[in-house]
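Next, two complexes with subunit A in common: one pairs it with subunit B, the other with subunit C.
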Partner chain A sequence: MKYQSQKVARLYFMAAIGLFTGQILFGLILGLQYVIGDFLFPAVPFNVARMVHTNLLIVWLLFGFMGAAYYLVPEEAERELFSPKLAVALFWIFLVAGALTILGYLLVPYSGLARLTGNDLLPTMGREFLEQPTITKLGIVVVALGFLYNIGMTILSGRKTVINMVLLTGLVGLAVLFLFAFYNPDNLVKDKYYWWWVVHLWVEGVWELILGSILAFVLVKVTGVDREVIEKWLYVIIAMTLITGIIGTGHHYYWIGTPGYWQWLGSVFSALEPIPFFMMTVFAFNMINKRRLNHPNKAAVLWAEGTAVMAFLGAGVWGFMHTLAPVNYYTHGTQITAAHGHMAFYGAYAMIVLTIISYAWPILRGEKAANQRAQVLEMWSFWLMTVSMVFITLFLTGAGVLQTWLQRYTDDPLPFMVVQEKIAPFYWMREAAGVVFLIGLLVYLYAFVARGKPAEDATAA
Partner chain B sequence: MSEVFTKSMARNIYYGGSLFFVFLFLALTFDTMKTLPQQDNRAAITPQVALGKRVWEENNCIGCHTLLGEGAYFAPELGNVYKRFGNSTEAIKAFIRSRPANGIPGRRSMPQFNLSEEELEGVAQFLKYTSEIKTQNWPPNIQG
Partner chain C sequence: MHAITHPLPARQLKGDLAVWILILSELLVFGLFFLGYAVAARRHPALFEAGQATLDTGAATLNTLALLAASAVVVMAIERLERQRTREAGRLLALAALLGSLFLVNKALELHHHLALGITLSTSLFHMFYLGLVSFHFMHVLAGVIVLSWVARRCLRDTPPELNTVWSAGAYWHMVDLVWVVLFPLVYLL
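So, the complex of A and B:
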């Protein structure tokens, strides 16, 4: 660790891992409700568990991105963080606001929460992923502004590397696009149109900049390859991201009341969206093959490779599968979508956060890498979680293909609920794979315990 | 990547390409907004429908259902439920009204929301309005 202030990243990483655990527990509840319909009903209805699952996901990824920024920005900028105190204060604000929101979902009926938080004054609630009460959304904006100020001041008064500038662009984009969460017209078509400016332009736009820059940072560190080469790759990747991904938004504008030309635009551009993900895979393996040093943190290298592969599979391959309009006509809003959503979110964003944690955590403790045993455990957890996510995706894909066939494609389409019953075996298998995922996560947590006491006092490094 | 293709070339593609497509996207958005009135059934957005959208949101119906294919995949598509229920708002209201508070044993259950008559009528009208949005003939059939 070069700069003392990088240490605030630890808080953020701890919160991320804690919330990740919560996310998975609720995922397993959801998976069970899929097959045992009245499980926990009416105490925790499906929609409530789902909000908890997806909102915890987004919040832990945001904690992860912020932790990554607090770790790598000072190192790249070659100066201390502008204000470590602000970083700590914002951490607690975000954590408390997040916890209160989740408790609100679990303890108060959603309509009560809406009333309690004055949703009628500025109605923003009740849309997928944006279920947070308006006041929580405002809190997120405040935290984001403070965070950007802190990071921005650090970057602008320090060494301006490409990695830092791209990361900053991604983070600013994230905050700016979130503002569309406050636009909720009565016109459903317009509502949906701009809702995607948050959701799609996040995961297939600005978040990819964040992903690319974190990956580039870790690769610079673990391979020792010339920064010039890595920065050139980074530029090409994010160029392709935005060139394909912005108009690619059109793959969500096929059937929501928007004009027909989006079927062409969306299909063509989104079919190109796998390119930047493929380039990321080539990039990571190329750099690792050309490495000039053998970094002792083998687990971090594995996570980086895993991110590059799984992001391509989940976003690139599974995204492409249903992105052409004639295919999407039948698969839209089925388990195919869920399959893709899981592998893409895990492969790209969960794994990049786990990559930077893997790389940075030992250094924050004052050692270069964890001890052998802890690394082996961590690599076991990598394989358990990653392979079970592959199986979750495959089972959901099986369910989705059957659902599409039985409910959408045959001459004699069956009702939704009838089809769901027929494909229940796939849901059982998904749940089993989910349990293995949880075991992998427990191994991951245990790997932290196995690190033992820091080799030397973290302040010494 | 070779030496012929330099970092500054890569950077220029990034800046130029992104800027171009941001503007193209804004132009397309402008055009879409201009053509929406012919498709989005806005004439049907009465205060009652607006209330219905609020009821829809404040009870998080999207957390179990899809609406025009977006949302959760746990319960039936509702974008065309008005048509599936024989073009009847009464049938929709009756369905929502009749959900047992403790669910249906062993079956995926929908909560009893205890909506007022006004809210019920609103949400049913909202679903009727939604079913009349021109969606390029999606869903493929009445089952949604």
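So, the complex of A and C:
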């Protein structure tokens, strides 16, 4: 590694992987609760398991993004991090706050947690994905501000690269849009309207900038292709992301009480949201084909390629399937949404974090790439997790199509719970695929052990 | 006869691949929008006819001429630049940017007129399409004018960007023009 302060990234990556493991365990509990409704009840009710599963996802991705930033920003800016101490302090604050929040979900009834944390002073709880107590949300803002200050000072006083500027834009956007989590109007339509400004404009807006810049950074490093070429692609991808993604928010506004024109605007613009993801795929493979060096870290290259393909499939293709208003009229909120959510989050965001960890981890240990055996194990984990995620998505899609048909489309629609029983075989198959995913994750964790002790005399590039 | 020792140069794309993909994507965005418009207009002919009657065709015709002229000037500028007549190219590009700005001012007045009448996206399906399409295109002209001005400035200072970049900029501008050439008859005339 070039700069000592990049080392703080290790803490963040470790936390990310730990929370990722927790997310998968709760995913398996949750998957089982779809078919065995009282599994672990009353200790872990379905709504709590779901909240923990989704919140852990968001938190581990945020840890991953921050770790990625702490790793790549100094290298791009060609200077040490502004304050490594601040980075370490914020890490512990975020980790403790996150752990307390999850424990709160698990140990106290949600309404009790709301009372305990003084939600009535500034009510922000009780909304999907934004379930965190207000005090945790404030903690997130503090951590985000400190993080942006640290990263911003490093970037502004160092070499300004396109990768750094795009990353910074994405991170600032992430922090600013999160502020809408504090806006909680009584009017349910307005509530949902602005809720999407956090949820949609994160994952289909600013997070894509973060994804693009991390991918570009790794590609610069593993392919040796001219920075100018990669930067130009980054610009174009970002332009297309924002052109389609911002007005594409409209695909969430079809049936919540917003004006009717959203059905047109949402359909047209979000139908094109796959384009930036498609560009990312073309970009990644183009750069790898034009590579000027064969980087010894084959696993990292595989993760980068995987991200480009799976993000396009999960976010692009599976998103398109139900984004047009006339289609969404029937599929809204069915298992089709769950299928899309799983592959999109894994393909775009989980995989990009795993990509940067795969690339950076050996270097942080003082070697250019892990040993052969560890890399083979890591690539096995790649295939196990990725293929099982494809199956999870396909089974959920099957469940969703059947659900849409039986519950919404036929002349004699069946009640929700009757349909849930009928699609149970798909849920069982999804759970089986989930077990394979967990095995893949265990192999991934074992690959870290298989790296052995870092070479003492190794000097990394 | 000598054997051909130098193979013909491989066919090279004028302009950047990435920019061409952007252009094609943008055309796809507008294409979908046009398709939506056509379908909606087919289903509500009376509504769309009444809506079109409120539009100022004269101003739009003037705008069409401005954009077409700007495109022609861009072609002339690039031809100058290919022959290393940089400053001349710069002056022509500045003229193109000026023509683009004329479009922007004219269009802004037109939009202001409609908004002052209290017309919004919710007024009718026709107005949703009209305001949506026109303002979305407006943003593209604005981007195009900024790009042209930047290239013009570089040329006037005798530090032109690479020819490939200028080709890309020119292609983008022609795309903006092309979209208007479809938009104008579709929304204002047909």
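The working rule: the second predicted complex is superposed on the first by the 456 of 461 C-alpha atoms of A that agree within 3 Å, B and C clash if a C-alpha of one lies under 4 Å from a C-alpha of the other, contacts with A are read in each partner's own complex, and residues count from 1 in each chain.
One rule holds in what follows: a residue touches a chain if its C-beta (ideal position, glycine included) is under 8 Å from a C-beta of that chain, and two chains touch if they have at least 3 such contacts.
The structure displayed is predicted, hence computed values, not measured ones.
A.B. asks: Touching A:175, do we find subunit B (first), subunit C (second), both, or neither?
C.D. replies: Neither partner.
A.B. asks: Per the contact definition in the header, classify A:272: touching subunit B only (first), subunit C only (second), both, or neither.
C.D. replies: The second partner, subunit C, only.
A.B. asks: Per the contact definition in the header, classify A:288: touching subunit B only (first), subunit C only (second), both, or neither.
C.D. replies: Neither partner.
A.B. asks: Using the touch definition from the top, say if A:258 reaches subunit B (first), subunit C (second), both or neither.
C.D. replies: first
A.B. asks: Applying the touch criterion given at the start, work out whether A:387 contacts subunit B, subunit C, both or neither, answering first, second, both or neither.
C.D. replies: neither
A.B. asks: One more residue to check, A:42. First (subunit B), second (subunit C), both or neither?
C.D. replies: first
A.B. asks: Using the touch criterion from the header, give the chain among subunit B and subunit C with more contacted residues in subunit A.
C.D. replies: With both complexes superposed on chain A, more residues of subunit A are touched by B.
A.B. asks: Applying the document's definition of touch, where does A:236 land relative to subunit B and subunit C: first, second, both, or neither?
C.D. replies: Both: A:236 reaches subunit B and subunit C.
A.B. asks: Figure out whether A:450 sits in contact with subunit B (first) or subunit C (second), or with both, or with neither.
C.D. replies: neither
A.B. asks: In the superposed arrangement, which partner chain does A:438 touch: subunit B (first), subunit C (second), both, or neither?
C.D. replies: The answer is neither, since A:438 touches no partner chain.
A.B. asks: Output the subunit A positions appearing in both contact lists, the one against subunit B and the one against subunit C.
C.D. replies: 232-233, 235-236, 239, 243, 259-260, 265
A.B. asks: So in the complex, the part of subunit B that touches subunit A is made up of which residues?
C.D. replies: Result: residues 1, 5-7, 10-11, 13-14, 17-18, 21-22, 24-25, 28-29, 31-33, 35-36, 39-42, 45, 49-50, 53-54, 56-64, 66-77, 101-109, 111-113, 129-130, 133-136, 138-144 of subunit B touch subunit A.
A.B. asks: Which positions of subunit A touch subunit B when the two form their complex?
C.D. replies: 33-34, 36-38, 41-42, 45-48, 50-51, 110-111, 114-115, 119-120, 123, 125-128, 131, 162, 184, 186-190, 192-193, 228-229, 231-233, 235-236, 238-239, 242-243, 246-247, 249, 252-260, 262-263, 265, 329-330, 332-335, 337-338, 407-409, 413-417, 420
A.B. asks: Help me check something: in the complex, which residues belonging to subunit A touch subunit C?
C.D. replies: 232-233, 235-236, 239-240, 243-244, 259-261, 264-265, 267-269, 271-272, 275, 279, 282-283, 286
A.B. asks: Name, in rising order, each residue of subunit C that touches subunit A in their complex.
C.D. replies: That would be residues 16-19, 21-22, 25-26, 28-29, 32-33, 36, 40, 121-122, 125, 128-129, 132 of subunit C.
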